[in-house]
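Naming follows writing order (A, B, C, D and E), and every chain is counted from residue 1.
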Amino acid sequence: MVAAVDWPGLPAQLRSEPLRDALWLSLTTSTAAMLVCLLLGLPLAWLLARVDFAGRGALRALVTVPLVLPPVVAGVALRTAFGRTGVLGAPLEELTGFSFPFTVWGVVLAHVFVSLPFVVIAVEGALRSANPEYDAAAATLGASRWTGFRRVTVPLALPGILAGMVLGWARSLGEFGATITFNGNYPGRTQTMPTLIYVTRQADQDAALALSLVMLVVSVAILVMLRDRWLVTP
Amino acid sequence: MVAAVDWPGLPAQLRSEPLRDALWLSLTTSTAAMLVCLLLGLPLAWLLARVDFAGRGALRALVTVPLVLPPVVAGVALRTAFGRTGVLGAPLEELTGFSFPFTVWGVVLAHVFVSLPFVVIAVEGALRSANPEYDAAAATLGASRWTGFRRVTVPLALPGILAGMVLGWARSLGEFGATITFNGNYPGRTQTMPTLIYVTRQADQDAALALSLVMLVVSVAILVMLRDRWLVTP
Amino acid sequence: STGTGAGDADTLTVLAAASLTDVYAELATEFEAEHPGVDVELSFGSSTELAEQAADGAPGDVLATADPISMRVATDADATATEPVVFGTNSMVLVVPAGNPAGIAGLDDLAGSTWVRCADEVPCGRVALALVEQNGLSSEPASLEQDVRSALEKVTSGEADAGLVYATDAASAGDAVEVVPVPGAGRAATSYLLAVLDGAQAPGLAQDWVDLVLSEAGRTVLTDAGFGAP
Amino acid sequence: MSFDVRLTVPGRLEAGLTAADGDVVAVIGPNGAGKSTLVRALAGLVQADGHARLDGVNLLRVPARDRHVGLVFQDQMLFPHLTARDNVAFGPRARGVPRAEADAAAVAWLDRLGVAELAGRRPRQLSGGQAQRVAIARALAADPRLLLLDEPMAGLDVGVATSLRLELSAHLAEFTGVTLLVTHDAIDALTIASHVLVVDEGRVAQFGTPLEVSQQPATDHVARLVGLNVLRRGDLLRAFSPTAVTVDVQEPHGSARNRWPGRVAAVSPHGGTLRLVVRTTDGPELIADVTPAAATELGLTPGRAVWLSVKESSVRSYAAAPA
Amino acid sequence: MSFDVRLTVPGRLEAGLTAADGDVVAVIGPNGAGKSTLVRALAGLVQADGHARLDGVNLLRVPARDRHVGLVFQDQMLFPHLTARDNVAFGPRARGVPRAEADAAAVAWLDRLGVAELAGRRPRQLSGGQAQRVAIARALAADPRLLLLDEPMAGLDVGVATSLRLELSAHLAEFTGVTLLVTHDAIDALTIASHVLVVDEGRVAQFGTPLEVSQQPATDHVARLVGLNVLRRGDLLRAFSPTAVTVDVQEPHGSARNRWPGRVAAVSPHGGTLRLVVRTTDGPELIADVTPAAATELGLTPGRAVWLSVKESSVRSYAAAPA
């Protein structure tokens, strides 16, 4: 794969606007999606791991759904819900004039949809591995659920949470089917790296490979950087 | 999405041979891939979490690669490596006459390729959350690394490992791009559910949705069953 | 019927562009009726993908692509045993969702609306681009779709107000879309090619398949689905 | 303030006690008696039925976080990811004290417990006794209304234990809340406490002042703890001090009606005397204190066959607590 | 068999000791002295330089799993996912004993420690003392050549502690390997051990027989542990028993040249006497034993100002161990 790349042509490609746009869009939307996943996923995972309530099995099954949907079907599901004529999308557009498809927000939404289960399941696993007695200790010291969660549960489960974040981010970055089905493909707006690579490949194999390589290098570099900073807890 | 399904036609579809073949293929290859991922991923995760060796950073980066590859590119990467003219595929075929692409084994290989990082990262996170002092206790009792790993490390990190297995299995089940690129789309041999859904969608959108729903129900049912059996540790 | 080559396997494997799903399925039934004991295995995918797989030695007897460029990938790799033949064409049309909610009456109305077409790099995109340029259309689409099916779906689902798709897609969508006439649409067309593959396990059956597609019966099936004559 | 407890943890504990402002209740009993269970039920970590009324409020109905108890866990449970200071500051901060103030208070507490210089360390970098002191600081710093100390002295060296005992007595003397102190140490039970609760097999065997309990121990365990021999005869308990026991190597001919043959099981120094543990042939284990001179003379080493006797006048008889 | 240790854990410990077949070495010292560090270094859980030769083999060069030590952790570290029986059977099974046999051995060990009926429980379902006993059983069941016990008696009730002490002495008497027993309890150190290693601030302060150590304690800590007062004068240590201390409420006029003003900090029963801890005004804390009668007469309650004195003839002087 590395050998197949058109090395002399690479610098020119790197300067090409579609590549820069797509790379930037991919990185920002994946990061945004990861943050949203964390915001939604952490409490959800905590609920699933620590609180014993009636609908727990059902909620867990629900969270798992996007995991087993083929990406394209995920896109269709998203459209049914958030499309312009969708169950939630239609009222939303009526009220605010805003609609998700064909926008950056749509890309983030698609990423969140496919990545959230990864985050939730990985984090739930981590929370279950951590000793719940510490939560109890925090409670006897007067910590509210939120304080205990923030200052004890999360730090103790941190390695697992970070793993979940990496998984979510990477899943978003590589995601293709749901994004293109829900948002289509427009350079600078909804054209992420995988989409760019896909369409480029239809015309020019080698160019697509070069693009893949760029994406690979950038994302692995970011992951390695993150790992060295945060993920290797002392 | 549920509303859009052609309910009266469903029973007939359920009995159709392509559906049964594809569903069976998807379930078996995903399960096989998950087992392979476990076999490869557990030691790998353990190595990354517990052993301090020189190439650790590099190995971790390498494991992460398939995670950030768009699925189609993953398929191309696989072809470059294991294709009939691939770096490893060509010698393999010469020696044994066996080649991966366009076979069930190729499907499993593609699934393993895309799912392995999920398993490794989730399991590494779980191992890091578990207290390494217990490993030390096992060692003082004369347990070999392997015994300690099997009887102490793994049981203690079980929730995280199970989460990793679920993630890997589900990722394989939904995987489409790498599989179709590397293995094509041969009914009964390499046509998994996502591929069948893709093809069906070319002709009949509603039939595709019905297939998706079948897949969804079956896989969520399996996950829920597994959870109730194993994943909710007392 | 035509003679079956001795030593041929009893399965014919056809690699075909996804847009041929319906017609090839119909032709396969006919083929199996004519060749008792023979199974037709259809493997659909994107033209480029299939051509590449064929070049990589994917099992298959015939390859049908939706454009000449993809077919060239296979011929360049010496993966074909016979000269590719054109067996049909497909032209671009403008479709709107049933009821035409955005009131699109022609290409000029696309400005300001949410419309889609295929990306420049994919076969259907090249055709669409030609049509757009012919008509001097300057309005930008909301999305450049990965394949024509996705473009059609954006319209049938109501996400897009209009889309440029093949005539065959418009036909298969039935009542879900309405076709808006576009000047010069017929000229913006692509041709479908068919060739027997070098690695065919059943070269005789493969040739029979080519013959069937090119036959009068084949012609009828294609025309019914909206394909044009070669 | 008043504290009135009657609670049940099904299958493990059924206990009641009352205490007033400033009381220190020592909880003693054998391993597995239910001491930790009682403490944890009061803290809200174990589900319990019944009531535990503190100033009229039934704690058992209040979530753990709002009970305002200070708990030293038997196994410490220091937060592994926080420094000693942050562990101690956790309680105050959870109750809304500003960071700087909470930190200062934490350091002050660590200082009182003699581990201020370890403020920046994580629990895993502390020795067992150091960690124990941080755990005590953490419980006290939370400014609780109910202080629950589960074996706070375990693992502390004599010097630290003594000064901690002093520190704790001083603190408890000022403390207006109620304290429960689980201990296996007679000194803690008899010197710091105002009341002693004896738990045995999940039930209260005795509840009274240290004097009552030490003079009329209701169970064998308490007798051992306070260093008395206790025998049961029908409904009566008969207690006598190890100093009242005479040790002979032959069967004694004296007037003592209470005599037992046995073997020396252990010898250990005890104050200025030597304490023998004797396994009687068909009775209980008894303890006897002898002078070092006598021990040498009689050759009282483990394994030696001996006769123990005690004069009836040295035996105090009292009614056994109803079981 | 011989055991010869000289090891360094940088920044935490520098220690040496020698022992022979069947020796029991008590390791004592204040909290944070380095006792657990020594034990963990020998077990291979802490990196150490130097050597620890057991029968000529340097353990420090052998991986932990092959050292054949039996270790009771200060914080137990029972495997939380295994039952008590499986915890105890873990060592034998790791060394290749068949399952049924290992299980039987495990139950036998649990029985010797009085917790056989808890064999099927998980650690979290055990009380602190019960868990401690399972931990001891686990260490002994592994059939070690070197037995490392880090505060095995902590958290045990008096009854259990006594019988465990007996059980342990009996076991250790038969045991041909070397035992290191970390303890804060003088009784363990002086009755079970054949040698006592005193650790202080990461160094060996004293190493000798229990008699040597108890009669000439080299550190304040040991003095307290064995119940002596120890003062340093130049290079000399001066030890005297608490029974030799006279307590007055006014400045004594007698011949005693050693006298200190101070205040009573604590009073506790000790054998037949009462033990006072007195904080001297400008000196160390001293202990004095008085009769209950005297205590009542003089009103010796905490806070009382007193004078302590000791006759020179009651003071034993000896050279301090080189620091």
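Note that a residue touches a chain if its C-beta (ideal position, glycine included) is under 8 Å from a C-beta of that chain, and two chains touch if they have at least 3 such contacts.
Keep in mind it's a predicted model, so treat the numbers as computed, not measured.
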### Message
For subunit B and subunit D, which third chains touch each of them?
### Response
A, E
### Set of chains adjacent to subunit B and to subunit E
none
## Note on the structure
Set A-C beside B-C; more C-beta pairs touch across A-C
### Message
Distance between subunit B and subunit C based on Cα centroids, please, to the nearest Å.
### Response
33
### Query
How big is the gap, in whole Å, between where the Cα atoms of subunit C centre and where those of subunit E centre?
87
### Summary
Averaging C-alpha coordinates per chain, one finds the centres of subunit A and subunit B separated by a number of Å equal to 18
### Query
Taking each chain's centre as the mean of its CA atoms, how far is subunit A from subunit D in angstrom?
55
### Query
So which stretches of subunit C touch two or more other chains?
153
#### Entry: Set of subunit A residues in contact with two or more other chains
156, 198, 201
#### Entry: All pairs of touching chains, each written as two labels joined by a dash
A-B, A-C, A-D, B-C, B-E, D-E
### Message
Using the touch definition from the top, list the residues of subunit B that touch subunit A in their complex.
### Response
1, 4, 57, 60-61, 64-65, 67-74, 76-77, 80-81, 117-118, 121-122, 124-126, 128-130, 156-157, 159-164, 166-167, 170-171, 173-177, 193-194, 197-198, 201, 208-209, 212, 215-216, 219-220, 223-224, 227-228, 233
### Summary
Residue set of subunit C touching subunit B in the complex reads 13, 15, 18-19, 21-22, 25, 41-45, 49-50, 53, 56-59, 149, 153, 156, 172
### Query
In the complex formed with subunit C, which residues of subunit B make contact?
79, 83-85, 101-102, 180-181, 184-187, 198-199, 201-203, 205
## Note on the structure
As the complex stands, subunit D meets subunit E at residues 29-33, 35-37, 74-76, 126-130, 132-133, 150-151, 154-163, 165-166, 169, 184, 186-187, 190-191, 214, 220-221, 224-227, 241, 243, 265-273, 277, 285, 289, 302
### Task
Within their complex, state which residues of subunit B touch subunit E.
133-134, 136-145, 147-148, 151-152, 155-156, 158
